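Encoded as structure tokens, here's the structure I'll be asking about.
Each chain carries a letter (A, B, C and D) given by its place in the written order, and its residues are counted from 1.
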Amino acid sequence: MTEHDSDGGSDADSGTDEDAETAADRVPVLLVRGDREYLVEPGAEMGTDLGVLEVPEDVQPGDTLETHLGDEFHVRRLRGPDLFHHFERTGAPMVPRDIGLVIGETGIARGDRVLDAGTGTGVLAASMARAGADVVTYEQDPDFADVARENMALGGVDDVVDVRTGDVCEELETLESSSFDVITLDTADAADVVAHAPELLVDGGFVAVYSPFIESTREVAETAREADLANVRTRETIQREMEFDDRGSRPSTAPVGHTGYLTFARNE
Amino acid sequence: MTEHDSDGGSDADSGTDEDAETAADRVPVLLVRGDREYLVEPGAEMGTDLGVLEVPEDVQPGDTLETHLGDEFHVRRLRGPDLFHHFERTGAPMVPRDIGLVIGETGIARGDRVLDAGTGTGVLAASMARAGADVVTYEQDPDFADVARENMALGGVDDVVDVRTGDVCEELETLESSSFDVITLDTADAADVVAHAPELLVDGGFVAVYSPFIESTREVAETAREADLANVRTRETIQREMEFDDRGSRPSTAPVGHTGYLTFARNE
Amino acid sequence: MTEHDSDGGSDADSGTDEDAETAADRVPVLLVRGDREYLVEPGAEMGTDLGVLEVPEDVQPGDTLETHLGDEFHVRRLRGPDLFHHFERTGAPMVPRDIGLVIGETGIARGDRVLDAGTGTGVLAASMARAGADVVTYEQDPDFADVARENMALGGVDDVVDVRTGDVCEELETLESSSFDVITLDTADAADVVAHAPELLVDGGFVAVYSPFIESTREVAETAREADLANVRTRETIQREMEFDDRGSRPSTAPVGHTGYLTFARNE
Amino acid sequence: MTEHDSDGGSDADSGTDEDAETAADRVPVLLVRGDREYLVEPGAEMGTDLGVLEVPEDVQPGDTLETHLGDEFHVRRLRGPDLFHHFERTGAPMVPRDIGLVIGETGIARGDRVLDAGTGTGVLAASMARAGADVVTYEQDPDFADVARENMALGGVDDVVDVRTGDVCEELETLESSSFDVITLDTADAADVVAHAPELLVDGGFVAVYSPFIESTREVAETAREADLANVRTRETIQREMEFDDRGSRPSTAPVGHTGYLTFARNE
């Protein structure tokens, strides 16, 4: 394989049959000019302060589009960190750092079936979907759920993310046992779901819980142990930007703050 | 989509055509019994201290296999963190935490074309491939490269990871310009590659560099700025396990140590 | 003042007048030879594996003593960090780092009157005394209190540290109001004492509490706020050794672990 | 000893002879009313927006003074952390945290003779003096040195802190060998002084260096090792405020930033 035939590589997951092709065509792209950045679907018409942009159905990353006033915009593929800026927010979205930690510690990959609760803005669900996972995600607030569905379309993953309105705790019996590879939770009552993780997860599956406060984090960790989940661990992450200037190198005097504790456990 | 048809979901990436099926069949699975854990290919014969295991061509996660002595092993899908334990090591592999941070900050996803240098054990390359990326990775040591190729087969990603023996710095002109979405580097001379990142990366692509020491980290960050890459930032990550017992909650008295600095930059 | 007459400065404790002389004579000194290190009182006789050391009444730091077998030992003044190694332990003593943070944040200095509870090994009490404070410290365990008294003598501060056997909570009414400049607590029921800090402390006085667990730390901070103490703050300290070698500079991969949370508040 | 006769205790270091008494009388006190806070010498007259305050020669902490307009101010002893607010600044003063770490790791105590360089605002020098040390401190900038001298008077330690105008590196030969118990440095050329620490320090003495950047920190640590100083270690300190509210407990999302690296070594 070389980078020349990498399309073949992406075929492997976007699929070669009509459906997938069409799906691929529907994937929104970024139109960028300096600080201006728009996330639009192929075939759409986009009004900007620099004039109207007609986006071809067959638009491709790398193309250049012109507004009817002749201003150029460059076409880009959407990347995970872009979701953070382009998704409509219904709350503070999980930051790329924590999304990465969840993906890295649970090994989210092609073919995973993920149960997610506390959809919120949906950045985590969309990021896992972009990494190849099928995601079922629950959001209690109907309005938030609607926004999340729009965000999934914006992220080009509405075909693999099923945003359900409701409380996952009340839906547990409707979920097939051993039907998920990973469970990701960002809700106040995460512990109630963790208690059922052994039934919901396949053998070897992971549960990952994000919780900002130590009390709820402790409850989650204790529940995971009581449920006989293996390798239960809670990690706190502190990050600091490094500053490099003529005077020398040092950690920033304005470090990155606390976001949340991440608790991981495995079904064994 | 529901979890009932989530097989269909995984079809989307394992593919429905013959090729993919065959590919899927070749994906190694984990055979687990208590502390015993073997990573084997479908169709293989595995000798264990509990007897011989015949692994059917059509073995599926969730199946139970018996050795000829009657001892049961459970079949599991391989997950990212398992690579860390099952790959043959040619050096200290990148830990799941840092792999996650690289994936999260660069948004590794389906269809990405990644240039990786300093393959080493290959856990990062395999993890990105499992998240849907096509990876071209360079390893200078021929023996290490051979081990990495075996590891890619073990990880079921040898079809999407191209392990090349050689020094990427000497191969740069052979690489098509704007042909990579992300560049990941874990080499002593990472800065030399970073200087060429603007040509190699697509518009909006990311470069991520892992470097254990501050001096090389600084060189990388300065080179990224000189190359006019955008949003250049170096992050140091400190993690601590939290301990919860009858006495109370506190960070572990034996925290997780320093691994490396991560520098990210974007081509804009 | 110059370093030539700095003896005048050290007069404050080595003293020139009769009183001080006597006090000075009682201050133990360190006898050091390679890895051998003994803390002994002037006038004492010390048996070592290298022979007997006769310590003159007028021994001075900088002197050299010989055992009866002719092996030389150098005489040193005792320093704070030495207490950590020479005090008999009745539990894990507070580390120099935390002792320093308590002294720095409360401004322990000459003439301070300190109420300390949870004497333990007594390193904090002795360190504050060495910085010029008069300390009243409570230890519930009679045996621990006896060891602490011996340690105060070893530290040359038995004249300014009053080790009392008992539970400070039951002695509060026997303590004169507004008679302490600083209160330092390292006990499970620290919050009960914090509630009375406003009566016990002078205007502008500080309370400092060391607590290893978050639950008791929270109780202390909440009690301090309910007691209308000012500038209540809890700090968690993470320290890492830096490693410098031929390959470069980086934080140690084996960082310094969590010790305890420090909560400070002021009486205003 | 009890808290009742603790005056006797403070005599031990403030001294009982006339001189000391007078010195004690000259120690400035804090006059506090709500947010108003003045640091004044006994016998001084202080004009405030609430009228003039006449400060008696024999003013004592705990007294209440009235302005000629009848507004009350409470009299307090000055404490270390107050220096941070009341000293005139010629640069960013060292924070109480780092002052405490220096005092704790070197064991600053009564009778210590300290060589300090890079006086700056003088908070460290004053804090060590308040803990009983005689300090000789060098400041290259004549104006800064003048301000530092005024600050020492404000801190009531001008009798034990000798602020010298000049570059300590050029004065090293004028300093008596083995005449210091501790050397504290906060200068760009700290390494040059560290190289001479073995001659300047008594046996068992400490050197402590504060340096904000890693490059200069490394130079200091390497010089200390080349000079055969013992137990050379560099520590980086990260502190975070803890937040306790109705939702739960967590580290602050706005942590305390990096100040400087602290390198310690001992003369053995």
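FYI, contacts are C-beta pairs under 8 Å (C-beta built on N, C-alpha and C of every residue); 3 or more make two chains touch, one makes a residue touch a chain.
The structure displayed is predicted, hence computed values, not measured ones.
Participant: Same or different for chain A and chain D, where same means more than half of the interface numbers show up on both copies?
Facilitator: same
Participant: Upon optimal superposition of chain A on chain B over Cα atoms, what rotation angle is obtained, reported to the nearest 5 degrees?
Facilitator: The two chains, chain A and chain B, differ by a rotation of 180 degrees.
Participant: How many angstrom lie between the CA centroids of chain C and chain D, rounded to a whole number?
Facilitator: 18
Participant: Nearest whole angstrom, what separates the Cα centre of chain A from the Cα centre of chain D?
Facilitator: The answer is 51 Å.
Participant: Counting only residues that touch at least 2 other chains, which ones in chain B make the list?
Facilitator: Touching at least two other chains: 214, 236, 238, 240, 249, 251.
Participant: Using the touch definition from the top, list the residues of chain C that touch chain D in their complex.
Facilitator: Per the stated touch rule, the residues are 1-4, 6, 8-10, 12-14, 17, 19, 23, 30, 32, 61-62, 74, 76-77, 79-83, 96-113, 115, 127, 130-132, 134, 136, 159-160, 162, 175-176, 178-181, 202-206, 214, 217-218, 221-222, 233-242, 244, 249, 251, 256, 261, 268.
Participant: Spell out the part of chain A that touches chain D in their complex, as residue ranges.
Facilitator: Its residues touching chain D are 212-216, 236, 238, 240, 247-255, 257-259.
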